[in-house]
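For clarity, chains are labelled A, B, C, D and E in written order, and residue numbers in each chain start from 1.
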Amino acid sequence: MRNRNKWHRNKASGKIGRDHHRLALHKPPVGASPGTLVQAGEANAVSIVLTAYSEHELAEQEIDRLEQLRDWMDFKGVVWVDVRGVTDLDALRQIADLFELHPLVLEDIAHVHQRPKLESYPDHLFVVTRIPNVNEGTLTEQVSLLLGNHFIITFQERVGDCFDNVRQRIRTAKGRIRCSGSDYLAYALIDAATDAYFPLLESYADNLDVLENTVMRSAERLPIERLHALKRDLSELRRAIWPQRDMLGMLQRDDSGLIGDDLHTYLRDCQDHSLQLLDIIETCRETAGSLMELYLSSINLRMNETMKVLTMIATIFIPLSFIASVYGMNFDGSNSPFNMPELGWYYGYLAVLLLMLSVFAGFLVFFIRRGWIGGQRRSDQDSG
Amino acid sequence: MRNRNKWHRNKASGKIGRDHHRLALHKPPVGASPGTLVQAGEANAVSIVLTAYSEHELAEQEIDRLEQLRDWMDFKGVVWVDVRGVTDLDALRQIADLFELHPLVLEDIAHVHQRPKLESYPDHLFVVTRIPNVNEGTLTEQVSLLLGNHFIITFQERVGDCFDNVRQRIRTAKGRIRCSGSDYLAYALIDAATDAYFPLLESYADNLDVLENTVMRSAERLPIERLHALKRDLSELRRAIWPQRDMLGMLQRDDSGLIGDDLHTYLRDCQDHSLQLLDIIETCRETAGSLMELYLSSINLRMNETMKVLTMIATIFIPLSFIASVYGMNFDGSNSPFNMPELGWYYGYLAVLLLMLSVFAGFLVFFIRRGWIGGQRRSDQDSG
Amino acid sequence: MRNRNKWHRNKASGKIGRDHHRLALHKPPVGASPGTLVQAGEANAVSIVLTAYSEHELAEQEIDRLEQLRDWMDFKGVVWVDVRGVTDLDALRQIADLFELHPLVLEDIAHVHQRPKLESYPDHLFVVTRIPNVNEGTLTEQVSLLLGNHFIITFQERVGDCFDNVRQRIRTAKGRIRCSGSDYLAYALIDAATDAYFPLLESYADNLDVLENTVMRSAERLPIERLHALKRDLSELRRAIWPQRDMLGMLQRDDSGLIGDDLHTYLRDCQDHSLQLLDIIETCRETAGSLMELYLSSINLRMNETMKVLTMIATIFIPLSFIASVYGMNFDGSNSPFNMPELGWYYGYLAVLLLMLSVFAGFLVFFIRRGWIGGQRRSDQDSG
Amino acid sequence: MRNRNKWHRNKASGKIGRDHHRLALHKPPVGASPGTLVQAGEANAVSIVLTAYSEHELAEQEIDRLEQLRDWMDFKGVVWVDVRGVTDLDALRQIADLFELHPLVLEDIAHVHQRPKLESYPDHLFVVTRIPNVNEGTLTEQVSLLLGNHFIITFQERVGDCFDNVRQRIRTAKGRIRCSGSDYLAYALIDAATDAYFPLLESYADNLDVLENTVMRSAERLPIERLHALKRDLSELRRAIWPQRDMLGMLQRDDSGLIGDDLHTYLRDCQDHSLQLLDIIETCRETAGSLMELYLSSINLRMNETMKVLTMIATIFIPLSFIASVYGMNFDGSNSPFNMPELGWYYGYLAVLLLMLSVFAGFLVFFIRRGWIGGQRRSDQDSG
Amino acid sequence: MRNRNKWHRNKASGKIGRDHHRLALHKPPVGASPGTLVQAGEANAVSIVLTAYSEHELAEQEIDRLEQLRDWMDFKGVVWVDVRGVTDLDALRQIADLFELHPLVLEDIAHVHQRPKLESYPDHLFVVTRIPNVNEGTLTEQVSLLLGNHFIITFQERVGDCFDNVRQRIRTAKGRIRCSGSDYLAYALIDAATDAYFPLLESYADNLDVLENTVMRSAERLPIERLHALKRDLSELRRAIWPQRDMLGMLQRDDSGLIGDDLHTYLRDCQDHSLQLLDIIETCRETAGSLMELYLSSINLRMNETMKVLTMIATIFIPLSFIASVYGMNFDGSNSPFNMPELGWYYGYLAVLLLMLSVFAGFLVFFIRRGWIGGQRRSDQDSG
């Protein structure tokens, strides 16, 4: 039920239009200096959480003042700075100064409609990925990730993400994460981002399943708008995951020295997952297209059925009514022997009833021959 | 009949939705450590069969305790360990320990929705392939294959496969299999997996043939849901075989030294078979698409016919009924010479009947001219 | 007329299904040893014709016993062994032994559903091509060609081919064929195989032309099943010619030394022809698709016309009949001055007739204004 | 409102045809010497604005006589010559002479239907880009840009562009523009050209949103021509932006030495923006296609509803009317006891009314069973 | 008007079928020696025009006997031999002997259905291009061009081409043509051939414009066959221009030494033009497809309107007629007080009229509520 509600809301909220609205508002004015940041709406406070660990040490800390970050600059281990909220531009600029980020990197972090990509800078890699986050007219949320030699900085649009399990692994020192460098943490985060699409796609597949059953039962009751919304969402997800696959390929080929050789196997596995996601999306899209066809043909078939009922009734009763009308004419039989003598015949009425009955029977036979009556049942047996 | 039943069941069971369900359940929690195995449903016992052979020796043995495998570790020949069932995670982990498998390999073995692929590890190749196994909402079953220098380990989802012929060839020492190394056995298994799709696709082609005949005979009786299910199944098969082709290409280019040079000809042949499979699938898909078009146009044509019958009957009898109604009016002719004097005419009734007859004849001529009556026959001669 | 009959038969014979049947029956059992030959149906006798020529010598001979072939093994010139019929597996095996063919080559020769391809073996090239041969549910026939240093062996499915002209050129020593090696003969055969598709495609284009004229004249008489069969045949031909193009490209890049440098110009020309064939097929396919659209829109347009006739008749006469019915009511005017006094009026009947006439005229004007009557003619002038 | 009006006008003005008209008129006569300029329509005066700046100097000047440009030839800094209007061919030729442009460059500048591209000449780069400029039947305007070592020349079709912000940045010395060379200015202009598409696409997305809401509310009121015009415009935009992406890629790979290394990051960012634009266009196009499908299915569904109303009314009342007609016949009961004795029965009328009532009820039950009456409500509950 | 007539004729003449006919007739018999020429229809006389020029010399001459050509063999400048008509095979063979052409080149010249291509021979380049020439069932005409060191030979199918401007430039020594070598002349001819498509495509765009306006005004009057013919022509043009683009790319990469380095800029420009042509064709094709959709939806919408009119009339008047029929029944009120006492009531008739009026009003309200009456106007306001 949870999932269905999700995209119910999407349908209602006219997502696409608003989506582009926001995108345009986020852009700096046309022709502005590259790296110009534009305040979109009110600036929400940034919340920063620092996690620092080495094989034997672990520290988690909420950062109130950015100066606190300086203290961790020369920690011997991995420092993960997790920034939640990207609307407070002043805070972003301070962080950028602290870590000496390129202005364009900062722009990409703040303008949250980037496609997943990898950009290589002299002493860090800049990775943009998207995690599913169904929320007020969007399906995904941008997560920007800076991978340095001993640190990782992540920027998320909102509080709430799919990285809790990674945090847990760091805390419990489960697996090799505590013994590995920042590259392994980056992999763990990207892997979590990729895997987080599976439950979302599962809910879409479920919805398609429901729609499929509906159209099988009765095409007229198919909420066609849902199918429309579902196709649009699948398109959007495909556009989010497709460049993710390329980004993972580029990470494997990266020669900056920031990615250890032993990570290649893991990154390849992660890329396999993105391929599986694209497969599922493609399957869903094909099913949705086929469903649409099925729906249209059902509508046509039903119209055909309706028309047959109408045609049978009209074809049978219009001629009968005509016969009755003829004998309702008021020609004056007293003046002329040719004026409707049938009306005076002894068996006249019965003869007319018989005529009507035979017309009725004739059409009935005609319709049965055409397979319009009783045919349905026979065809069921044929194909059963 | 067997085949038709197969996908009848598919249609009924709402395959797709459930499919993704399972897929999602199999996944480890989002963000879990790579290589994390998740128990999906109850763990069925694993059954392991060991086949060891060299040119002159042959041993087949059911393995009860994994320690038994150790005894075969330094057998001079080929050792094939066939593991059936991948739900008992403990057993899998023990096997992985024994053969020193990478955790990600184990994850791919246990989570049985991988696409066919080849991964190269220092001392073994990891091949994922899929064999047709129509069963409770799936069409294919994953077979994972580990190719080492002197051993092969296969992991199957269920008991029952398409490798019986290979086993027979080993037993009877037919062909070169007993004289060849583990690479030849790997080829033999992959080749069997590929060829096993031919009978399945044959059954789909047969079904399409039946549907094609149905739509030719009478479009209305086409079970359109079958066509829908069939198209979905073909999509799924295409997605299973397409990466298989790539995997076979990668095997040919592999330079790990595990694949002998003399095998390239065989692998190329196997790849040709996968291309043929894709050709058949493409043909079936195009035929299915064209059938859908044919069906829709037939429905439309039939509706047209129905409408013509209705239009002809209504067009002929509604004016006739109108004429009869006119002379059924009760204007009082005794008051006025203008009030329906026709009713008193000597030949009035006959004149009206004649009028009706000529209206009838007029419309008949009109319809014949339009080709609505008798036209069907003429057009058959035209195109015959 | 000949051509039309050809694919008429195809339509009737439910080609596709049977096609795959045969394909599956030809396959060895799943998992069989590579190179396993399977007897499909009864084995027809093989007929072998040997043609040996050098610049000044020429011999043509029917081969009864395979030993006769040995005598020609060291002929100084080109030996062409033309084997017709591939169902006698014993004979095939003997030929394979004689020329030391790879088992997989033999399998590809016997299982006649290969795609055109080129395979390189140490001392010969193995070329599979397909020639058009419309026959019992297939459109093409496989011709396998082995090109050695001094010999060529061709395997055809049936007696009867498109190589008579090549034989004639050898006999009459016309052109450079007698002065050239086996590679030129191979080119001549492949070129003849390619060019043989032109007349076949011409017949399809003619058929499309006939269908196009039919749909222009009267959409309802379009034999839609023909269009369906035609599209399917075109797909099949495309799948036969597409890999042919690739095979010709591979022949040009071949570095086995068996193909002389001076042949490259000829092979490029032959590849150009295959591109032209694909162009024609693509044109036909697009035309067929566009025809289908035209057909569907015509059907809809005609239904629209039918509905208009019905609507006009019903709209005019149903209200008129209603008026007549009103004055057919039997209210007793003798009781009450309000009970249908119109019936007794002096001009009552004429007034009602006038009323009916004006209703009639009103609807007529309405329909003319809507362009339903007379509009057709005007629109013809518009667009003329 | 502004945006809606924009493409309203497009629809009305039959853009495409006129577009090609102009394109053809602009072309030199077929076979003319390359570089031949053709005067299309009247020549509007060219207006030239020169902007020259270095880190500490800034000059803006309207150029009346081309000789004035010579004075700036050896300015130590960046000289930007902005030419507005490309219809005065004499002026263009003089500029070309002054800067020694290739005749083909001049032709491309004057014939304003080029696709975005990059051409490399010995001492300058020639860049064609397109900026959005919705105006009399076109959506975009060509901007040609010549990038030399110390100068930039831009040619615009019309006065009015999207570069005001760049000019402002030069004036206020904001950002690094004043400290950088001509390559940075070129980037700034191309970046402004690219970003200018975002608001335009936003307006299209808004329009699609409106159409989507319309079709959801009532399919019949969808202004289908708008959807058609919108799809055409999106195609045109895609064709303008697609080569822009390639041009940006070529700029990054350019090795003429005119593009500094530090610009690559900026150009990559700009290319990312063009990818985002293409993503938005693709989303819009898919939505438009899906909307069309939705529209067609709604039309069909509504026709189905209409037909049901007709069928129900006709099916119920035609038989009833028939019964009434029967008892309106005038058979003479005084002659024969068989002639409509019902008319004389004591409860005859009531019995007939009862008969009619039961026929009415029967059909009602039939329609309810079929789900034609009341079904709508139930289905709403199902899917709610 | 001229343009419209052009493709009017195409439609009528059943182009496609005839096209392939000719193509097949031109082919040599299947299996014929490569380079075999086949006489198709009667051989028209060849007309040969020689143009020889250097910077200061110019000679134009009609060639009657081929021996005349020999005299120009060692002219110091460029010799252009323009051969019009390719059906006189003897003449072609003599020319081929004179210039030592490869037999396959001659075959390609004579069989005029080649795709544009570039073939490199030891001392000349062989270029096939196509120029627009709307004529008896074809849209394009093949022009074969041989580019040697000091000469160019062109072969045209018919008299009349698009090269007059090039001839004029040679005569008037305009531009650099007289100072350049044969490569520049080849470029000038290919450029003229490419640019000649612009006016043709303009006429197609105009026609599409007319059709677009027609379908907007009234979908029923759209001459759908024109749209069909137009789409077919566009496909054909695309297939002519697409390989032209590739040919131009190959010319740029050609390393035979026959193409001077300074020509690359010109050839790139020419290739840009072919890309523009493909863009226009693509735009036209998309518009045509969208028009077809628009047309189909209009037809459906109109049918819906027709059905509504019918349904309203029938729904209102059929029940009214029923009421009238009831009171037209002849039950004998004198026998029984229950037999239609209404007929005798004082206000009976008025009551029935009132009943009818309220039924009428009831349905009217129902239809207005449904938006079937008056809704059109409101929706116009909505979307206005």
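Following the convention adopted for this analysis, a contact is a pair of C-beta atoms (placed from the backbone, for glycine too) under 8 Å apart; a residue touches a chain by one contact, two chains touch by 3 or more.
Bear in mind that the values here come from a model prediction, so they are computed numbers and not experimental data.
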item: Touching both subunit D and subunit E (chains); value: none
item: Chain labels contacting subunit C and also subunit D; value: E
item: Number of hops, subunit B to subunit D, where each hop joins two touching chains; value: 2
item: Rotation angle (°) superposing Cα atoms of subunit B on subunit E, nearest 5; value: 145
item: Length of the line joining the C-alpha centres of subunit A and subunit E, rounded to whole Å; value: 40
item: Where subunit C and subunit E are represented by their mean Cα positions, the distance between them in whole Å; value: 25
item: Residue numbers of subunit D (touch at least two other chains); value: 296, 300, 303, 307, 310, 314, 318, 321, 325, 328-330, 340
item: Pairwise touch network: line, ring, star, complete, or other; value: ring
item: Ring of chains, enumerated from subunit B in the sense that reaches subunit C first; value: B, C, E, D, A
item: For the subunit D and subunit A complex, residues of the former touching the latter; value: 162-166, 168-169, 174-177, 187-188, 191-192, 195-196, 198-199, 201-202, 205-206, 208-210, 212-213, 216, 265-266, 268-269, 272, 275-276, 279-280, 282-283, 286-287, 290-291, 293-294, 296-298, 300-301, 303-304, 307-308, 310-311, 314-315, 318-319, 321-322, 325-326, 328-332, 335-336, 338-340, 371, 375, 379, 382-383
item: Touching residues (chain side subunit A, partner subunit D) in the complex; value: 14, 16-21, 23-24, 27-36, 102, 104, 107-108, 113-115, 117, 119, 121, 214, 218, 220-221, 223-226, 228, 231-232, 235-236, 239, 292, 295-296, 299-300, 302-303, 306-307, 309-310, 313-314, 317-318, 320-321, 324-325, 327-330, 333, 340, 343-350, 352
